[in-house]
Amino acid sequence: MLWLFALIAGVLFGLYYGLAALGLNLIFGVMRMVNLAHGDVIMLGGFAAVLLFDHFGVNPLITVLLVIPPSLLVGYLTYYLLGRRVQRSRDPEMMSLVMFFGVSQVIEAVAVIAFGNNEASITSAVFGTRPFSIAGQGVPGAWLVSAGVGLVALVLLFLYLYRTSLGRATRAIMSSPDEARAVGVNPDRISALTFGIGVGLAAIAGILSLFMIGGTTPSEGVDLTVTAFAVIVLGGLGSPMGTFLGGIVFGLALMFTQTYAPVWSGFAPFAILLVIMLLRPTGLLGRTVRSV
Amino acid sequence: MVASPALQVSGLTRSFGGLPALAGVDLELRPGEVVGLLGPNGSGKTTLINVVSGVYRPTSGRVELLGHDATGQAPERLVRLGLNRTFQTPRPFRPLTVLENVQVALRHGRDAAQSPEEILELCGLGGQGGLPAESLNSSQQKRLDLARALATAPEVLLVDELAAGMRHDELDGAAELLRQLAAAGRALLVVEHLMGFVRQVTDRVVVLNAGTTIFAGSLEEASQDPHVVEVFLGA
Amino acid sequence: MLIPRTRTVGLAALSALLTVGLAACGAASTTASSGAPKDIVIGTLYSGSGSFANSSLPEFQGLKFWISQENAGGGVYVKAFNKKIPIKLVALNDQSSTTTATTEYEQLVTQDNINIFVPDFGSVLTLPAVTIAQEHHMLLFDQTATGSPLFTPGNQYIVLCDLPLSAIWPDPLAHFILAQHISRVAILYGANDFDATQAATVKSVLAQGGVTPVYYQAVPTATTSYGTLLHDIAATNPQAVLELGYASNDIPFLQAVQQGGYHFGMVATAFPGQEFTLIENAVGKAGLSYTYTYGVPPYIKFNNVSEGLGTNAFIAKFGHGNIANVSFENVAGYNTGLIIQAALGHATKFTQLGMRAALFALSGHFTTLDGAFKLNSEGGQVGELLPLAQLFPTATGNEIKIVYPSASADHAPVYPAP
Amino acid sequence: MSSVAQRLREGAGAVGRRPRRQMVGDVLLVVVPPAGFLVASLVYNNQLLLLTMMVYVALAQGLNVIFGFTGYLPFGYVGFFGAGAYGTALSVHFLHAPIALAVLLGGLAGLLVAALLSPLLRLTGAYFAIASLAAAEALYYLISNPQLTAVTNGPYGVNLASVYNSGAAYLAAVVLVGVAMLCVVWVRRSHFGMSLRAIRADPLAARLAGVNVVRARTFAWLISATLAGLAGAIYAWAVSVFYPEAVFDLSISVFAIVFALFGGVGTVLGPLLGAVILYGVYNYIGVSQPQDFQLIYGVLIVLIVLFLPNGLLSIRLRRLWRGR
C-alpha cells in the first residue's frame, strides 16, 4: 500500500504548499508585482514561532493568529514605501522582481544578524508523536494540523473575496485595474491590504513549515520562493483555488517519486510543471488569456 | 469584364463560447472593385475581417483567396498570399519610426523592391518617415496602418473604418486614394459608417446583420430593400 | 548630427576606462621582500550567510582562536627565520556562493599577498580554490573538504588538515553493523559527492560481510521532507536505518522518525556528532536518544598531543570548560591553525613546497586534538578515523559516547535501541 | 521638440543607409569593451574576477537579446549556462575534443537545449519566466543524478584539469565579450532587430506586416541561449573543477537579470555598463565590507530600483535632453 500513503502524503503536503504559495499569487494577481522575498517572509514566520515557543512556550497554533496583525502592518508599509513607487515604473512586473531580490537579500542578512545562521525548529512532539490512522495509514499529526490550517486559510480567503465588499473590490482590481478605478475602487488601499494578507499567509506557512520541512534557516528563502512560484504557475496565476490544486499536484509528484524513484524526486515536480505548461499554458485553473 | 473573384467567402461562421458572431457569411470580391461592408454595430463586420485576415480561425465555412484555399491560415501566410487589412483602432508599431513601420512590412511582404517613401507619400505621410509612430495623431496613424498594409503589396485589402475620426478635408483624399488602389487592380473591402464616404468610393455594398449576409447589391437598391431599412432603423 | 555618434563612441570609451579604472583601484602595491616578512598573512574565506554559514562560521572561529593564541605569544614560530612572526588575517565573505568564492580566492592570492592559503568549509566551497592554488603555486590548507575531485595525483598544492577522506569515514560504522550481525540495512543518502562517497563505502564494506542493503536510495540534497521516504523504508523491515546527509537533512529526517512514531533497532545520521547542540535543539532530546553518529572531536579526546592544546585544555580555554560550547567545526578550525603552525615550525625553507615537505615529514609522527595526522600521497588525510558514537539520554539531554571500535570505546553500545 | 528631433535622427539611422559615423560608433562598441578587458588584465591581476565579469557581460547581453528585444524573461537562463559548462566537459571527456572546439560545442549545447525548449515561447509573462526556471531545475537534477554518473559523473563534479589554461580561457572570454556586443549591435541595427521590436510593440500587427513571429522569437531565443552556453563553457574551462550546483546556481540567472535591467535593456550599452558597474560594486563591497556584504548589496539594489527604475541609461537621456 505504498501508493496509498504517497497519495495521502501528497494531498496533505499539497495543502501546505498551496498555503505557502497563496500569498504570492494574491500579490501578483492584484499588483502584478513579483515578490521575490516571499520565501524570506515564510522564513521569518518560522522564526517567530520558534522564538515565541522557546521563550514564552506559545503553542505554534496560537502564533498563527499572533502573526496576522504585524503582517498586515508590514504589508501596508511595504506597499506604501516600496511597492507603489515600483508600480509606476516602466515595467512594474520586472522591476518589482529586481527590487524584491534586494529586499530578500536584506531580510536574509538581517535575519542572520538577529537569529544567527543555525537551523531553528520546534520539536515535533508539540503535535504528538503518535501518528493518526487514515485509511489504515499512520499519518503524523503535524501534517494534519498543517493541512487543516491551509484549508481554513483557503476558506477564509474565499469568503473574503466573494462575500465582502473589500474582497469584491480586490477581485475587480485583479481582473481589470482601470475599470475598478472607474467604479470608484481605491487601488492603493486594496493593494496595501492585499500585500498585508499575502505577507500574513506566508508567515503562517512559515510556522507550519517547521513541521513539514523540518525547520527554518535564514538561507532557505530562495528555495521556498522557487517552490511557491512553481505551485502558483501550475495552478494558474490569479486563481486562489488553482494555487491549492497546483500545490496538490506538486505534492503528489514529490511523494510518488519519493516512493517509487527517490533519486528523481527533485526532477519530477519541475518536469511535470513543464509538461503541464506546454499542455495548458495558463496553468490548471488559469483564465485563458487571448494571446493577440 | 467579369474576372474570377479575388476573395470568395462562403458560409463562414465563427462562435465565441457558443455564441455565434458570424452565422454564415457569403461574400465575393473581384479584382479592381471596391465593396462596402455595412451593418449595424455588432453585426459582425470586424469579426468578419478578423476571420478573413487570420486573426481568428473560422468555426466553419471557407475562404478562398486568389484561387487558394485560405481558410484558417495564419496572418503572415495570408500576407504572403496577397491579403492585408487595417484596424479600426490603428495599431502602428509605436516605438518605431514611421519609416521603420513601413520597412518592416516591405521586408516581409510580397515586393521588397517598392520604395517606402513613395508608399508614405501615397498615404499622405510624405516627409514624416523619421517621426516615431507614437507621435502621430490618430488620423495619421490610420494612414500609417494603411501604408504598412500596402507595403506588403496586397491584392486584396480589407479596410476597417478608415474615415472615422478623419477631418473633413482629409476625407476626399482618402476616398481618392482608395479609388486609385482599386484602379490599380486591387480588390478592396471597406467597412464604413459614413454613408457619404461609402458613396464616394463604391456603388456595390454587402450588408450584414446578426452575423449573416442579408443583402448584396448596389447602394441604391440597398436603401430600398425593406429588410435592410428595417435593420438600420431598428438599430 | 553629432549627438548619437559622440554618445556611442564616448560611452564605449567610457566603459573601457571604467573597466581599467576599476581594475587599477584594486591593484595592490606590496611586493615580497627577501628577508623575513613583517607578518605572516593568512588568507581565508568564510560564509557569513547562506547554506554553509552554520558550519563555516564556527570553523572560522576556531581558526581565529588559534591566531589569537599565537599572537598573544608574540606570533607563530617560523623555523626558516628562526623567530616568531605575528599573524595577520585577511578574511572575505563568500556568502556560500561558489561563484563569489572563486573570485575571492583569486583576490586573496593575487591582491592580498597571502603566505598561507586556507579555504572555506566543505567540499563545495573548497573546490574552486584547488585550481587557483595550483595555478599560483600556493599550498592549500584544506580544512574539511573531503570530496573526491579535490585530490588528484599530479597536484602538490593541497593537504587535508582536519578530517579523513569521506570515503573512509563510515568504515567503523559499517563494521559495527557487521559485528552486531545486523542483516537488514536501509541506506538513504544525499545525491552529492560527500554523501554518495560514504554510502558507497558502507555498501562495499557490508558486501564484504555478505550483507546487501534492503533499501539503498539517493535523494536530492535539497530534500527536507522524509515522512514518505521513511514510510517506504519501514515497509522493508530494516533493523538499521542509515541516513547520510548534511545537518539540514538530518534534522527533518530525525523529526520525521519521531513524527511518524517509527522505531528501528538502529538509526544513524552523520551530523549530530559535529553539530550536537544545533541538532538537539531542533529535534528535541527524545528524537536523538540512542541514535548513532560519527564520533568526532571533542567527543573523542586526544589529550596527549604533539602540537597545541589537547582536547580538555581546548574545552577549558575555548569552551570555558563546557563541552557544549565546543563544536567539531571549532576544533577543525583550530586544528587547521595547528597544521599551519607545524608546517611553519618545521619547514627549513619559507616556501609553499617547503611547508608541504615538512608536513609530509611529520605525517604519521604527529598528533593533535584532532587525532593522528597522516597523509596519503595526494595530500588526503588517512590518519584520523572516525569511530562510531551513540547518544545516550541523561537527565538534562543526550550525551555522546564512543561505542565502536572497542579499542577507543568509552561506553557499550545499546542495540537494539530500547 | 528636441526629443522628437533626436529620435528622428536615431530612427533614420537605424536601418538601411546608415551614416558612416554611426558605423564607426558600432564598430567601437564591439571592439572597445573586449580591448578594455584585455588592457585591464595587464594592470589588475585578479583575472578570475575580470573573467567572471566578462561572463556576466555576456550573460547580461544574451538576456538583453531575448528580454530586451522580445519581452520574454527567462528566469532559468542559468540552465543554458550549465548546459554549456557540461557540454564542454563532456566534449573533452568523451570526444577528446580540443578545448577550442569543446567551448564551441558548449555553445552548441546551449543552443540545442534552447531548441528543445522552444515550445515554451508559447507561454507569456510570468508563466514563461517560471517555466524556463523549471526547465533549468529539471536539467540540473538530470545532470547531477547519481544514476547518470557514467555520463555526467552525477553529483561528483567535473574535472577539466587536463585542458586547464588560464591565459587562453581569459582570451576566450575577451572574444566572448566581443561576440556578445556584436550580437546586440547587430540585433539593434538590423532588419531582424527591427522585426523583433515590431513584434514586441504589437505581435498581431507584426504578423500582418508579414513577420513570422514564432520564427523570429525562436531565433532570438537561440542566439540568447548560445551566448549563455558559450559563457558557461568558458567559465567551466577557467575554473576547471566544479560541482553541478556551481554552474546551475540560480543566483547566476538573478545576477544577469539584475545587471541587465540596471543598465537598461533594449539598449546596446546598458547591460555592459550594468554588469561592469554592479558586479564591480558587488566585489568591492565583498572585499571592503565582508561582514555586511549581503545587507549593503541588498539595500543598494532596492535604492537603485526606487530611484532609477528605468535603468542606468535613463539618466543619460534625461541629462542630454536637459543639456540641449
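Letters A, B, C and D name the chains as they come in the text, with residue numbers starting at 1 for each one.
What we mean here is this: contacts are C-beta pairs under 8 Å (C-beta built on N, C-alpha and C of every residue); 3 or more make two chains touch, one makes a residue touch a chain.
Since we're looking at a predicted model, the values are computed, not measured.
Novice: Considering only chains that satisfy the touch condition with subunit A, which of them also satisfy it with subunit B?
Specialist: The common neighbours are D.
Novice: Moving step by step between touching chains, how few steps can get you from subunit B to subunit C?
Specialist: Each step joins two touching chains, and the minimum needed here is 2.
Novice: Which chains touch each other through the most C-beta pairs?
Specialist: Result: the chain pair C-D has the most contacts.
Novice: Point out which chain occupies the most central position, where each centre is the mean of Cα atoms.
Specialist: D
Novice: Hey, which chain ends up farthest from subunit D, C-alpha centres compared?
Specialist: It is B.
Novice: Could you give the separation in Å between the centres of subunit A and subunit D, each centre being the mean of its C-alpha atoms?
Specialist: It comes to 31 Å between the two C-alpha centres.
Novice: If you average the CA atoms of subunit A and of subunit C, how many Å lie between those two points?
Specialist: Computed value for the inter-centroid distance: 35 Å.
Novice: Roughly how far is subunit B from subunit D, going centre to centre by Cα mean, in whole Å?
Specialist: 43
Novice: Could you pull out the residues of subunit D that touch at least 2 other chains?
Specialist: Touching at least two other chains: 9, 141, 145-146, 204, 251, 293-294.
Novice: Quick check on subunit C: which residues sit in contact with 2+ other chains?
Specialist: 48-49, 191, 218, 220
Novice: Mind pulling the residue numbers of subunit B that touch at least two other chains?
Specialist: Residue numbers touching two or more other chains: 55.
Novice: Which of line, ring, star, complete and other names the graph you get from chains that touch?
Specialist: Contact pattern: none of line, ring, star or complete.
Novice: Write out all the pairs of touching chains, ordered by chain label.
Specialist: All touching pairs, sorted by chain label, are A-C, A-D, B-D, C-D.
Novice: Can you name the residues of subunit A that touch subunit D in the complex?
Specialist: Subunit A reaches subunit D through residues 28, 34, 82, 85-86, 88-90, 93-99, 101-110, 112-113, 222, 226, 229-230, 233, 237, 263-264, 266-267, 270-271, 273-274, 277-278, 281-283, 289, 291-292.
Novice: Any idea which subunit D residues touch subunit A in the complex?
Specialist: 73, 119-120, 122-127, 130-131, 133-135, 137-138, 141-142, 145-147, 203-204, 250-251, 254, 257-258, 261-262, 292-295, 297-302, 304-306, 309-310
Novice: For the complex, give me every residue of subunit D touching subunit B.
Specialist: Residues in contact with subunit B: 4, 7-9, 11-12, 14-16, 191, 194-195, 197-198, 201-202, 204-213.
Novice: Show me the residue ranges of subunit C that touch subunit A in the complex, using the header's touch definition.
Specialist: 48-51, 53-54, 57, 96, 188, 191, 217-220, 222-229, 231-232, 235, 247-248, 251-253, 255-256, 258-261, 278, 281-284, 286-287
Novice: Which residues of subunit D touch subunit C once you look at their complex with the stated criterion?
Specialist: Checking each residue of subunit D against subunit C gives 6, 9-10, 13, 19, 21-22, 24-26, 28-29, 32-33, 35-37, 39-41, 43-50, 52-53, 141, 144-146, 154-159, 161, 164, 166, 239-243, 245-246, 249, 251-252, 268-269, 272-273, 276-277, 280, 283-284, 286-287, 290-291, 293-294, 316, 320, 324.
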